[in-house]
Amino acid sequence: MAIRPLHDRILVKRLKEEEITKGGIIIPDTAKEKPIEAKVVAVGTGRILDSGEVRALAVKKGDLVLFGKYGGTEVKIDGDDHLILREDDILGIIE
Amino acid sequence: MAIRPLHDRILVKRLKEEEITKGGIIIPDTAKEKPIEAKVVAVGTGRILDSGEVRALAVKKGDLVLFGKYGGTEVKIDGDDHLILREDDILGIIE
Amino acid sequence: MAIRPLHDRILVKRLKEEEITKGGIIIPDTAKEKPIEAKVVAVGTGRILDSGEVRALAVKKGDLVLFGKYGGTEVKIDGDDHLILREDDILGIIE
Amino acid sequence: MAIRPLHDRILVKRLKEEEITKGGIIIPDTAKEKPIEAKVVAVGTGRILDSGEVRALAVKKGDLVLFGKYGGTEVKIDGDDHLILREDDILGIIE
Amino acid sequence: MAIRPLHDRILVKRLKEEEITKGGIIIPDTAKEKPIEAKVVAVGTGRILDSGEVRALAVKKGDLVLFGKYGGTEVKIDGDDHLILREDDILGIIE
Amino acid sequence: MAIRPLHDRILVKRLKEEEITKGGIIIPDTAKEKPIEAKVVAVGTGRILDSGEVRALAVKKGDLVLFGKYGGTEVKIDGDDHLILREDDILGIIE
Amino acid sequence: MAIRPLHDRILVKRLKEEEITKGGIIIPDTAKEKPIEAKVVAVGTGRILDSGEVRALAVKKGDLVLFGKYGGTEVKIDGDDHLILREDDILGIIE
């Protein structure tokens, strides 16, 4: 079973504690808006610009992404925490 | 009797408890904004872009869709719970 | 005496209790935003798009329409309840 | 002495009680947003669209118009109540 | 000493009580948003439209204008009350 | 050491009390939004319009400008009070 | 390990106290919105304009930038405080 996100939406799966990159990106407690790591599961066909052009998204399946704490809608799929976000909620790709 | 949604609006029928995909998408209680499953009953002719172009919708009759909890307007048709949403309220298609 | 709505505005006449389609569309009491049925009496010449194009409205005189509870401006004409709405307030056409 | 409204603005003169069309349009007391009748005294040269095009207004001097209660700015000219509105505040023309 | 307003801004000088047109435009006390009379002292080079076009303003030095009470920024020049407004705050020209 | 403002931003240096033009522009105490005088120290390369065009700014280094009290971000450079503003916060140029 | 910012986003590393330019830019305590210094670590591919054009950013890796206090999302990478900002949050480049 799968969800196919629409347009500029992206389905991501939250990383579990033990999956989060060691020694790497840590969210400080004092940060008001904490970015969160997740893996991209599926992406929409692209963002529809005002000009009518459809622009392919800059993230792809498998990318590890950072996003702000309050973006997106939570959904649980087969027991795992997922989120559906817009591409604009993605801050960056972890490489 | 039927409702024909205008432009980028979509008429969906809420799934009853027993119809919701088993073992699949579950809305966690702690989620502030819970996505909800529904079946598309009818779609409008398309979204009118700023350029004047009419863009056909990405969902079609029969699609099973996820949408945010607070989107749309509730309407009861022949005893069943329906909602009229904008395409932009649809988070993704369940496949 | 008549009102000619401007641009993308639409004049509708509320249906009386006994006119509302039987066994059909019922507004559940628990709905926060109740759609309401009405008959289109007159429509404007069209919506002015950003491009300057005038786009003819998708509803026409005689259509039975659904709209959100808080849309439009109430006006009483010859003793009957009417509303002046924008096309964008119309959720769908009842067929 | 006269006021020449700018661009998409319109100068209207409120109708006095005895001038309001008999048996016609009545504003119900329960309406939250009451439309009001007035006569157009002067109109601006047109609305400036994003494209730079100037679009002539759809109302003209002498038209009897309906507008929402909270639109416009009140001004008294030679003892009579007037309002300066934008064309977009005009709901329709009474014919 | 002079102020040259930028783009679509306009410098106006408030009229003193005795200069206000007699028997003419009076602001009723009950009006929530009172238009005010002033004389145009200087105008900007024009409004920059989204298209990049610069559109010359519709008011010119010497015009007597009406504007809403809450528009603009007050500034005193050589002892006289002035205001810097945007052209869009101008309701009309008094002729 | 210098700051190069980006795009439509402008770096200005507040005038000290004794530098403010005598007998000239005075900010009345009763004004809610007081314009302030400052000298332009550096300007960005221009405003990016929706069309993608970069439009050079209308103010230049050395100009004496007026701006609204609440615009911009304060920064102290080499002991002097400066502000970084957008061109749109500038009300006019003092000549 | 690195973060690649998307589109018009920029990854910056806050300067430590001892790195901040001496005798230079000081943030006054009374400033409500304090600009902050940081070094650009990585930039996105560019801002997507309404026209569909992608516009390369005006800042590059290594630039020392000033930004408003409340912009961006905090993230700690390898023990150092970083922020992910949009180019529009950058006030200027320190030279």
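Per-chain residue numbering starts at 1, and chain names A, B, C, D, E, F and G are given in the order in which the chains are listed.
Quick note on the criterion: a contact is a pair of C-beta atoms (placed from the backbone, for glycine too) under 8 Å apart; a residue touches a chain by one contact, two chains touch by 3 or more.
Predicted model, so just to flag it, every value in this text is computed and none were measured.
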**Complete:** Chains adjacent to chain A and to chain D under the stated definition are none
**Item:** Same vs different contact residues, chain F with chain G, by half of numbers used
**Value:** different
**Fill in**
Here the gap between chain C and chain D, centre to centre from mean Cα coordinates and rounded to Å, is 22
**Complete:** Between chain B and chain D, the Cα-mean centres are separated in Å by 40
**Asked** Once you find the CA centre of chain A and the CA centre of chain E, what distance in Å lies between them?
**Response** 50
**Prompt:** So which bits of chain F are touching at least two other chains?
**Reply:** 50-51
**Asked** Draw the chains as dots and join the ones that touch; what shape do you get: line, ring, star, complete or other?
**Response** ring
**Message:** Please output the residues of chain B touching chain A within their complex, sorted ascending.
**Reply:** 21, 23-28, 30-35, 47, 49-51, 53, 55, 58-59, 66, 68, 87, 90-95
**Complete:** Per the touch rule, the chain G residues reaching chain A in their complex are 1-7, 9, 11, 42, 44-45, 48, 50-52, 73-79, 81, 84
